[in-house]
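Same chain, two partners: chain A is paired with chain B first, then with chain C.
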Partner chain A sequence: MAIELNALGKEYTAGNWVLENVSAHINSGEFFAIVGPSGCGKSTLLRMIAGLIPISAGELKIDDQVATNLPPKDRKLTMVFQSYALFPFLSVSDNVAFGLKARKFPAAEIKERVDRAIDLVNLNEFKDRKPRDLSGGQRQRVALARAIASDVKICLMDEPLSNLDAQLRIKMRTELRNLQRELGLTVIYVTHDQVEAMTMADHIMVLHNHAIQQIGTPLEIYNQPANTFVASFFGTPRMNLLPARVVGDRELLLADTLRLAVPSDLPVADYVVGLRPNALRVMRASADAANAQVKTVEYLGSDILLEAQMADGTPIELMTAAEESYQVGDRLTVALAGKAYVFNHAGQAQFIVEGGVHHGGNDVNTKAAVHA
Partner chain B sequence: MIQTKTLKPLRYLVLILLAIVILGPFILGFWTSLLPTADIAKGALWSSHISFANYAEAVKQTAILRYLLNSFVISTLTMAAQLLFCSLGAYAFVFLSFKGRDLLFYLILATMMLPFEAEVIPNFATVRRLNLLNHYGVMVIPFLTSAFGIFMLRQAFRQIPPELKEAADVEGLNHWQFYWRVTLPYARISLFTLAAYSFLESWNQYLWPMLTTFSDKFRPVQDGLRQLQSQETFNNWGMIQASAVIVVVPTLIVLFVGQHYFKNGLNEGATK
Partner chain C sequence: MAEMMSTPKPQSTPKPQVAEREKQRSFNLHVNDKYYALAFLGPSLLVLGVFVFYPMLRTLYLSLFLTNNVGRPTVFVGLKNYVNLLTSSAYQASLQATAVYVIGVVVCTLVIGLLLAQMAVRKLAGIQWFRTIFSATMGVSVSVAAIFWLFIFSPSVGLFDQIGKLLHLPLVQWLTTPGPAMVAVIISTVWMNLGFTFLILFGALQMVPQPLYEASAIEGASPRYQFFHVTLPMISPTLFFTSTVTLIGAFKSFGLIDLMTAGGPNNATNLMVYQVYRDAFLNGNYGLASAESVILAVIIALFTLLQFKFLEKRVTY
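And now, the complex of A and B:
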């Protein structure tokens, strides 16, 4: 049950494209996440795949068959909604059986499938309850059970976990992923939460500004972001994006403070250099040696997140070990100690400078912790 | 907090007073239906002959049972028709998109501003042409649907989360199936309300049946009651009062049964 999106587009009014040129190939049995900030058109894209919103341009193929204009029921997929969309007047088992009954399955098979689906999501003792007698997490499971009870192998999910509290969300992430693997489902999962996408997906599509920014595995997205949007959207805390300009031979000056050696000659232009907080080394400094000053201090448990200001006024986020203690107003020396992502002025990735190269020349090994 | 504590008995006092004002006539009416007419004529509120004799007399001497049957048939038919047609109309206004949809809805809404009395003459001319006078049809057909019913159910259907329609679309439900299996059960509280409302409305009709029915065979209760009064030179008030009580009883049943369903929160849990 592979899905192919071929230059899909959507315009509500002529010439006003909400989505443009969206192409992707989703393999059978894959967990495919569509991520983007609110309003980027990710839910619209999902509904276009489901057939709930007509496709304005391009071609959709499901299982090698053109499905661009098929009605939703003929696309052989199920959908889980953010708001669950349960029928309040039906019991849990009737909710799960709803689609099967609509598709006129034989009664014995309906019962068998419903029982199995309810069993899979651990709702056995709640079979006869109405949705109003269930907690948020249980309702969410009913919605899942409804999707997996059907025999179709494609499941579209529209932010299914975003109404749950943080603890439950993390638990359901694992459950959802396990269920998907166990049943061999092809899942297209829409979320605005980059952490959800990173932890669950086989491939991620990043949507922004009506278009695809990047498609790749979570590691590719994190380690080789295609542009500044993707770079700053993935990873917590966010990547610092510092303005840079070429100074001298093979050297960039970041925020008028930090020097970054680059491997080859660069055309003279404005650049943006991305530095994750853990790719920067922080030292306390005396007033004359300092190049940054602490503005806020956030304790994260094992680390401390510092928001600081570079000498030229550029804000920057830094990570340091929790053992050290910083006060607002402390002066710091910030040095490069990890990967630096160089983007051109339009935000497109140019190259990556590995390992902390800074003008002092003393290489520093960095911990390669991925904060997903 | 102190304020609410002192206010509570006060509130109940007001409620009790209002209840007495509203229920007083009913109780008085029921009480007089148990008194002999001779005592009622004297203005007495107490008698040594309290009995249900007036009821037996009403049933024996008048066509009250026939009136009840007529009204029951008319009200049930009207209620069923209004439930069906108003819900279908409301469904179209919520779930189908067609040109001029909103305009059409406002047009229907505007008819609510027309008092029924203003429609009596054209309606009368129409039903006479259709040869419907003095027939059940004359009291049902003009009331097959109602602007109020469509309006009320449209508001109710609009409360249905759009995700439910999408979920139904994914499962392949067509409009009829969605109407029957999702819309109606979801809006059942409003449907019960409309059912009770249209039944009572029809039950309490007076002007229209008075103009269009001429025989006890089709006359509904309210006009039947009037009939009891004018048929005889001497008004048997005890019997009339007993008939009135008989007529009110079905109304009370509808309200009590209906009240059971008018609970809130039945649709909780559809969406977060």
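And now, the complex of A and C:
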């Protein structure tokens, strides 16, 4: 049950596109996450796939059949809602049976499928309860059971875990993923939580500003972000984006403080360089050797997150082991100890420099991985 | 440490005193509470007592007597008023007319109100106008409505007969023929009721969460199936409320009847309340009217009880 999105677009009023040119191929049995900040159109896209709102442009194919204008019930898919959308007046088993009854399946088959689905989500003891007598996690499972009982192989999920408490959410991630693998479901999963997407998905689509920013595996998204938006959206704490300008031969000066040697000549003068907080080495420094100053200190347990200001005033986030203690106002020397992502002025990825930025000379080996 | 260990001892001694004081205080509070309760309840108890409970008891009392023409009890007749009423063919006809009227009003009000609400809940351009129009009858007084409907039903020049004329239908003397007169008062009452019923049902429909419709659409439910298996169950508590209110209201209808048909023609629209009014204030037979009031109250109470017993269980979720 593969799904193909061909240049899908959505406009509510003429010329006002909330989604434009969205194309993707979702393989059968794949867990595909759509991620983006609120208002980016990710739920709109999911609803377009479900058929709940009409598609304004492009073509949708489900299982090699054009489904652009099919009514929701004929798209051979099911959906789990953020609010679970359970019928408050029906018991758990009647909720799970709802679709089967609407489609007029024989009673024996309904019973068999409902029992199996309820069994799969471990709700056997709660069959006869009403939704109001269930906890949030159990309601979530009823919604899942309803999707499973329909026996279709595509399941759309719209932030299904966001109403659960943090611990349960983490537990349900694993459970959902296992269930998806076990049943061979093709899942399209909408979330605003990048961690959820990273931990669960086979592929991630990043949406922002009405358009796709990048599609890739979680590793690709994290290690080779296509632009500054993707780079700063994934990973906690967020990637630092520092202004950079070309100084001398094959060298960038970041925030007027750090030097980064690059492998080839650079065609333009201004760049943006992304540095993840754990790719920076922090050392305490005397006043004259320092290039940054601590603004806030956050203890995260094993690590400390420092918010600091570079010599030119650019804010930067740093991670360091919690062995040493820092105070606001401490002077630091910051040096690069990991990957540097170089983006052009428009925020598009140019190349990645492995190795180091350092204060002063440029005697560090640099290895570049060019992509995009 | 040693100090801390020893502290509980001296503390434990004043305990009985504290308990005593607590008791005293709670007693004081208790007494005070009663006064407070009375102070708050007093005014409404007084009003209810004078205008509801006393008249109710007085009605019961009067229903056991014959009265003079200013309503003073004269001869104790026990249940004779009731026996006379229930064996009188005129009163039985009035009961029957009331039954027809109440059923007609309740069913039509709910069905049409639900239809209007279902239409108005759609998000269409200009729907706001219709929502206002549909609920507008709430602001119309009974006398205005009666005059308005009298015009519409008036023979030959009225709107209905004009339309009938266009279609070459036989003219109907709406308010002077028994059957059509009942239909006319039912139509007018339903029209009066619609504003309120529409507004309440419209509110209930708007409260049905959209994802329920979306989920059921994906699960394969047709709009018809959705209406019967999502909408109706979801608004059933409100439907129950409106049906109860409409039922009680229909039993108590007076104004429209009085102004449009005055119980006629030939007692065809002589509802129970109207009979009470006639016997008490036109015929001066207060004892009989009291008995009729008691019967009406019992019937309304019975229906309301039945509704609660059979419907409420099914409509709460």
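By our rule, the second predicted complex is superposed on the first by the 355 of 372 C-alpha atoms of A that agree within 3 Å, B and C clash if a C-alpha of one lies under 4 Å from a C-alpha of the other, contacts with A are read in each partner's own complex, and residues count from 1 in each chain.
FYI, contacts are C-beta pairs under 8 Å (C-beta built on N, C-alpha and C of every residue); 3 or more make two chains touch, one makes a residue touch a chain.
Keep in mind that what you see is a predicted model, and the values were worked out from it rather than measured.
> What does the overlay on chain A give for chain B and chain C, a clash or a fit?
In the arrangement built by aligning on chain A, the partners chain C and chain B clash.
> Let me test your reading of the model: by the given contact rule, A:K73 touches which partner, first (chain B), second (chain C), both or neither?
Both: A:K73 reaches chain B and chain C.
> With both complexes overlaid on chain A, does A:K171 touch chain B (first), chain C (second), both or neither?
Touch partners of A:K171: none, neither chain B nor chain C.
> Given the touch rule stated above, what does A:G136 touch, chain B (first), chain C (second), both, or neither?
First partner only.
> A:A50 in the overlay: touching chain B, chain C, both, or neither? Say first, second, both or neither.
After superposing on A, A:A50 lies in contact with both chain B and chain C.
> Using the superposition on chain A as set up above, list the residues of chain A that contact both chain B and chain C.
47, 50-52, 71-73, 77-79, 81-83, 85, 87-90, 98-99, 102-103, 130, 132
> Using the touch rule from the top, collect the residues of chain A that touch chain B in their complex.
Against chain B, the touching part of chain A is residues 47, 50-52, 71-74, 77-79, 81-90, 98-99, 102-103, 130-134, 136, 139, 163.
> Taking the touch rule as given, give the residues of chain B at its contact with chain A in the complex, in rising order.
161, 163-164, 166-173, 177, 181-182, 185-186, 188, 265-272
> So in the complex, which bits of chain A are touching chain C?
Residues in contact with chain C: 47, 50-52, 71-73, 75, 77-79, 81-83, 85, 87-90, 98-99, 102-103, 130, 132, 146, 150.
> Which residues of chain C touch chain A in the complex?
209, 211-212, 214-222, 225, 229-230, 233-234, 236, 317
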